[in-house]
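Heads up, the thing below is written out as structure tokens.
Order of writing sets the labels: A, B, C, D and E. Residues in every chain begin at 1.
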Amino acid sequence: MIDNIPLNSFLVISTLMFFIGIYGFLIRRNLITMLMSIELILNSVNINFVVFNKFLYPNLLHGHFFSLIVIAVAASEAAVAIAIIINIYRNFKSIDVDNLDQMKF
Amino acid sequence: MNSYAYTLLIPLIPLFVFVFVGMAEDKLKGKLGGLIGTAGLGIGTFLSYYTAYKYFIADHVAGTGYTSFKAVEVTWLHLTDKLTINLGVLIDPISVMMLVVITTVSFMVHIYSLGYMEGERGFARFYAFLSLFSFSMLGLVLATNLFQMYIFWELVGVSSFLLIGYYYEKPSAFSAAKKAFIVTRFADLGFLIGILMLSFNTGTFDFQTLTDPHGLAIASTGGAVFMGLSVITWALIFIFIGGAGKSAMFPLHIWLPDAMEGPTPVSALIHAATMVVAGVYLVARLFPVYAQGGPVALEVVAWVGAFTSLFAAVIATTQTDIKRVLAFSTMSQIGYMMLSLGVSGYGGEEGLGFMASNFHLFTHAMFKALLFLGAGAVIHAVHSNDMNEMGGLRKFLPITHLTFLIACLTIAGIPPFSGFFSKDEILVAAFHSNKILFGIEYFVAGLTAFYMFRLYYNIFWGHDRHYHHTPHEAPLVMTVPLMILAFGSIFSGFLPFHNLVTSDGLGFESHIDWMIAIPSILAGVVGIAVATVMYKTKNALPEKLSKSFSFFYRWAFHKFYIDEVYLFVTKKIIFNYISRPVAWFDRHIVDGTMNGIAGMVQFASVSIRGLQTGRVQQYGFVFLGGVVALVLIFVYLF
Amino acid sequence: MTLNDIMFYLFAGSILTFSLLTVTSRRILRSAVYLLFVLVSTAGIYFMLNYNFLAAVQLTVYAGGIIVLIIFSILLTSHVSEKAVVAPVKQQIFSALAVAAGAVLTIMTIFKFAFTPAASPAVEANIQNVGRALVSYNRDGFALPFEVISILLLAAMVGAIVLAKKEKHLEITDNQPKNNPDNSSKS
Amino acid sequence: MNILTLFIVIPVLTVIGILFTKDLKQSRLVSAIGMTAQLILSGILVYLYMTERSAGNMAPMLFTFDVLWFPALNIHYAVGVDGISVAMIALTGVVVFAGIFASWNMEFLSREFFISLILLATGVFGFFISLDLFTMFLFYEIAVIPMYLLIGIWGSGPKEYSAMKLTIMLMGGSALLMVGILGIYFYSVPEGGQLTFNVLEIAKHQIPVEMQRFLFPFTFIGFGILGALFPFHTWSPDGHASAPTAVSMLHAGVLMKLGGYGAFRVAIYLMPEAAHEQAWIFIILTTISVVYGAFGAIFQKDLKYINAYSSVSHCGLVLFAVLMMNQSAFTGAVIQMISHGLMTALFFALIGMIYGRTHTRMINEMGGLMKVIPFLGVVYVIAGLASLGLPGFSGFVAEMTIFFGAFEHIDVFHRVATILAVSSIVITAVYILRVVGILLMGPIKDHHFDHLPDANWYERLSTITLVVGITFIGVVPIWLSDMINFSLAPLMEKLASIQLPGM
Amino acid sequence: MSLIDILTMRNELLLTFMAMILLIIDLNLNHAQKSRMIPISIGLFLVVTLIGFIPQPDRTLFGGMYHTNGLVQLMKNILNIGVLIILLQSVAWLRSPANSTKISEYFFLLISTLIGMNFMISSGDFLMLYLGLELATIPIAALAAFTHFNTKSSEAGIKLLLSSALSSGILLYGISMIYGSTGSIYFDAIGASYTNVPLQVLAFIFFFTGMAFKISLVPFHLWTADVYEGAPINVTSYLSVISKGAAAFILIIVMFTVFKTLAPVYKSMIYLIAVLTMTVGNLFAMRQKNMKRFLAFSSIAQAGFILLGILGTNKMGMTSVVYFVLVYIFSNLGAFGVVAAISAKTGKENMDDYDGLYLTNPKLSLLMMLSMFSLAGIPPVAGFFGKMFLFTSAASAGYYWLVFIAVLNATISLYYYLLVIKAMFINKSENPIAAFQSDGYTKVGLMLCALGIFVLGFWSQVYEFINNLSFGI
């Protein structure tokens, strides 16, 4: 369908998305937003897998399944993360990452 | 092994006595320790005389020279491939002569001390040390090789140290002992370096090999040259430093006056008759090497000897401590002996100085021991060393007085006392070699007579003092040795030394050169006369004289401030300017560096703590930074 | 330019835009919505690539599941109107620099590499093929990961439950309880 | 069982025995029995060694025993002794024996004390019997580590600091050593052979010279740190000063000898070419050690510091001799190790006993002690005299052998170094006599000291054992020097066979 | 592949069954009976561990996604032993009222992470590797946050989860590039065709950092200390020992098989990271006062040593890494066990609290001392051998300076290990921790550690055994 779009365009997009996700992880104060940044990262990787699979190695479905599994992992990660975040909210009444520096040095 | 093997016992008996008495010190009651020691040495003395008789007379084939041979020898240590250290007994004229001297004087001192040291705390300890000293000294003279000599040399040093420091509770006694040890040790350093050089170049320590005229030591004198002198010459000079230390030659003499802190019998034994002549003996022992291998070294010996004799004699005229006067006199006399060796040639008539030196050594041992023991008797009687606190003692101490007078006459060189003969030979030898040296010695001869009689008059004449206790003559056990030694002083001059103890073992004809003898007797008489005028009765003359030469007198009285110079060097330079900075450097620089490294680690540890802020985003940042850095380095820079 | 191209650029543009908005928007809930748009756009790309099954999973699990979870928790933990605190400028700049450096480096590296497609014929990612591969235990089959992921999901669930479970009998304190050694063994 | 293995088994059994004891009396009894057995065993070993040798057994190592331990790395438990090791073992036996008796009244945690002490001894014994570099290193570290506890728990003064410093510096040394040993291992045989840690095997081949150049400094300094090589000696004064008596004895007496022994057995033996090339650097350092240690000692006031600095000086002489690389110097080095071991152990024992009575180690606070504690005073004087190299005591023999060996080098550099080293004998005399003078002589300074008790039986036993050792070597050194000399043959052959660039 | 072949995966299967059984039993227990879970779980786990020792042939299942061989089985057994000890040591903590309601969950989560690790080690492709990694991480995050009321615990949980999510994102990106550039996710296919063109190096670096995160290599280690401190102590020991060990195992396998052609590149990279890791870890550890945090940094430094073995890239290197991890498990668990026992009884976790411990609790102190010596690499305990062999393998590749730096670092590490010993043996305390008796489980756990620390070094057959299974590039 979109075979005429160069592979590198997809990769640029996914890479940018990947680093945007990291950027979000680095600057957002809210734990949930950080979690969302993580989702961005994983999503960008998924695009990579899918695109590689489609453009380069369409004979097998490695990339496809990799993405599938990553989505599942992302879901479970999110579940646990949110559970902990809620716990933190209970303890701190806030989910600002700035509060989380009781332990340092 | 041969018929002289028994000589091994002469040193060994005192050693056993030392070990036994030393270990059982607490258990020995009363004089038991002393008696054991005296008995041991008595046997040694007997054996020594027997050896002398056997060697010089019984076994001697007329017309031949006296040979040297080893009575016993065992290997003690393999040092290097070619060097072994042996221990043994060497018999030759000088060693046998020394045996006689040492055992005689030592035996006398042993007997004398039974009285003198009576009631002292550590009486047995005293005898143990005396025995140790006797052992060491005998081992020294019997040494078959240079290294054995060094071993016993050191042992002599330590026994001297122990005996000087006998009254260890007196700080002055111990510091004197310490000084003696360290100064002689410093000299021994020279000795050791000399031994190292000599043995390295010749491959042997053995005296017989070394002194063999055709041996390597003498043959290799033309070898490597350092600062204009051959290595052998340097080695000999270094060895002489060792000898100078023990024999209290200038400038290593400073320990000897202080050593008088020891008990008087010790001074008589060690610091008059035996140990201090070890330096002379050392040079005499290596004499062929000196004479043929290092004439320059021999010249050094001569000049040092001459200077010391003059220097010491001058100081002796000003001292008031009777033992110190005797000590300086000893230095002066040893200077004579050294000079005599220094001006001597090798072989036959040429070797007159060598013979004279040994001769003087022999006679000096007798009369100087006598003087010291006499002084001991005086001190015993008045409990003081200071001649200003004495006077008129001739009435109280008749025997002491008489023997002391004999000794003074002997040392002043008045015939027919033995000192005259030996000193005369020295002057002859000096006269034939170097007129300046002769002049010095001639002057010293007069000076000697003067200060000895100054001493004599101050003690036994002058006005009477009021003593706390009336002085009384020493017991028999003390006076008998005095008498025996006086006997020796009088008659030992007649021994035919020129036939017995010569540089090459062969005898030669000797006669008294009256052209030199008469002026020297005159010098002695003048010296006595001046002393008589000044000191026989109390008058103002000495006072005036010292006033008019006040500068010179003060310097001489303070022993030319050599002690102060030494004190400066040891206290200031070594302690404060070397040791203190070293200690500081060690604590602050070296240790500081080590602690500094630890401190740096600690500092690094503190300074990177900011890395761990506890903020998860910063962790992520570092993580990303790490990834980027790795990519940069390993993808793009590599 | 075909429709496909336009579609692609549309999706690409929306992905990038909404990604940026997700991480920059100061209102959390909006961030979540932007994230939803990103995920949906991604699903669009999957559709375009003919990976329909994957696109469907993307929509249901990601967009449907995770986003809902996130929004739910946002609602639980913050007020809707609440604006997020902005990170210090320094942090933002440094992070941006590092991220930019990383992105540039990575993209440069990607462009340097010549990707070569495999010569072998393509398999269509239809439901049969996907299903077959999913249960295949031979090479290129994914039965094992499929099974393992179930353990992961179960574990995550148990973990989440254990964490979320409220414990009533304990006070919330900052420190671990200092138990008396005597009664700790009884309990 | 191999006789050498017994040297490890007996201490280990003793340690196990102590574990079952209840109080000081029992634990010291067990220790004393164990270490007496060890001393007797040392004696038996010397005897057996002598008989073997006189029976004509010319093997370089006797009583060898070899078990493959880690086949993959060819690590063996390989033991064997030559004259040098036998001598060192005998030394260790004596010092440990004396050490046990010197700490007869260690009240606080006595079991632990004796266990640590004997563990330390185990390490030392193991080190001396090992032929395998790996086990050697293992035992080396076993010997070092109990020091920390011994100083830290039972020490005095700034004990934590000293213990830490000592341990860290010595372990830093073993860092260097580790590199050296591993390097030797990987170049132990020419390409293709089975790599080995066995010293004898390695010595059969030549390690490539360029590797030697790299590895020699590591190995030598590594051992040198333990041998108090300047400027890495600073652990020694602090460590000794803080350590309890028996530990100072063992440490200065035996543990520091590991350095000299290792430098000699590993660094020089296996890498002679590099040793030749680089010796000058270390000769400078060791000469500094010798003179500097002696000068450092003059200024100290604390008895233990004085002795520690004197150890720096004397151990410097050991390394100095080792670097001279000829037969006499090597012999001298070994004798010096033994002699210093006994002397310094004696010193520390005495210092401990004096400290136990006066509760001070500052010499200026004491004085006239000879009068109150004559036995200890006399022994102190004997130790001092031995230390300053008086003939009749072991130190003299050692120093002389070293000086004569060193003097065999005829170039100016070696000569100057030698003469500087020789001059230390005077400085030694100065500080020894200074201490004797202030400490023992003169009037009693403090009336508290008027009625101090003299030595007990166990103190007498401890000191007399050491005095006997010192005197025995000093009076009849030939058996020892011949024993060592003979054992040096392989090393001398190797030294003679090497091709030196430019020679 | 027949159905019976599935039994090859006995470790994973048994653990899964065990986990399920625990959940089922738990459902049938009321509140008071929960503590019965402890003997049941430990008993079951003991059975699993023992079964692991039954030898079985090398197999490859699922078309290469799963493989097992002697070495892999050995690694699993090592992990099993470690987990067994941890389980024994966590009893005291589990019995405390705060946790007694969550016993089976604790066991379940712990076991599921272990399953993840087993899959990870056995993985033959990147998908299983990733999945195993995640399975080994996510439940751990839940465990780290296990103690609700403790803010530190929650903080640790979220820090672990977020950091690990970031790192696994980066790892995934690397894997995607590996996939993109090679066309496969199977190790065997990739290993045959991997080259060092920039993209593939970049992909490798991304992948490596993800693993480095798990092993806590500097600069990817920052989460470690905080998480270790905040997490419950048994979770900390699990993280520091089992997690790290498993990651080290798979890392060395991957390095030696998949990326072997990159060896020239990654050697210098590992060199750099090893130096950084050892040094930074030590520098941080020096100043720590909290025992858990202290052990965290010390374990970072230990991870640096592990890299030395990888650097050797030979059989010796692999052997030494596996051996080191084995030894490290016993040593570190010994230390953690003592900390856990004390913490469970008194709640004290600071080094100062240990002052004078020897006088009151000599056995614990001795075990602690042994562990410290083993960690520091002091003979005759096993740690010495572990370190020594690592150094040997690095030296075999000619990295003498690195060995030197490493041993210097070991010396620095000795410094802080000695601080602990100093606290226990030398320092005096006004109110030392009172003498107490631990429960039987803890005792057994601690004794196992002591036994391991002592025996492993001298028992050279262990090393030989590993060596026979190992391989190099």
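In this text, contacts are C-beta pairs under 8 Å (C-beta built on N, C-alpha and C of every residue); 3 or more make two chains touch, one makes a residue touch a chain.
Quick caveat: nothing in here was measured; it's all calculated off a predicted structure.
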| item | value |
| --- | --- |
| Neighbouring chains common to chain A and chain B, by label | C, E |
| Farthest chain relative to chain A (centres taken as mean CA coordinates) | B |
| Chain closest to the middle, measuring from C-alpha centroids that were averaged per chain | D |
| Farthest-lying chain, centroid of Cα atoms versus that of chain C | B |
| Whole-Å gap between the CA centroids of chain D and chain E | 42 |
| Chain centre separation in whole Å, for chain E relative to chain B (CA means) | 77 |
| Between chain D and chain C, distance of the C-alpha-averaged centres to the nearest whole Å | 67 |
| Computed distance of Cα centres, chain C from chain B, in Å | 100 |
| Multi-partner residues of chain A (each touching 2 or more other chains) | 11, 18, 21-22, 25-27, 34-35, 52, 56-57, 62, 65, 69, 73, 76-77, 80, 83-85, 87, 90-91, 98, 100, 102-105 |
| Residues of chain E whose C-beta touches two or more other chains | 127, 131, 134, 138-139, 141-142, 145, 148-149, 151-152, 157-159, 162, 166, 170, 177, 180, 183, 198, 202, 225-226, 287, 412 |
| Multi-partner residues of chain D (each touching 2 or more other chains) | 168 |
| Pairwise chain contacts, counting only pairs that touch as defined | A-B, A-C, A-E, B-C, B-D, B-E, C-E, D-E |
| Touching residues (chain side chain A, partner chain C) in the complex | 1-2, 4-5, 7-13, 15-24, 26-30, 32-33, 35-37, 39-40, 43, 46-47, 50-52, 54-62, 64-65, 67-69, 71-80, 82-87, 89-91, 95-96, 98 |
| Residue ranges of chain C touching chain B (in the complex, touch as defined) | 87, 91, 94-95, 98-99, 101-102, 105-106, 109 |
| Chain D-touching residues of chain E, taken from the complex the two chains share | 316, 319, 373, 378-380, 384, 388-389, 391-392, 395-396, 400, 403-404, 407-408, 410-412, 414-415, 418, 421-422, 425-426, 460, 463-464, 467 |
| Chain D residues touching chain B - in the complex, by the definition given at the top | 165, 168-169, 230-235, 237-238, 292, 295-296, 298-300, 309, 326-328, 331, 368, 370-371, 385, 388-392, 396-397, 400-401, 403-405, 407-408, 410, 418-419, 422-423, 425-426, 429-430, 433-434, 437, 440-443, 476-478, 481-482, 485 |
| Interface residues, chain B side, partner chain E - complex | 601-602, 604-606, 608-609, 611-612, 614, 616, 618-620, 622-623, 625-627, 630-631, 633-636, 638 |
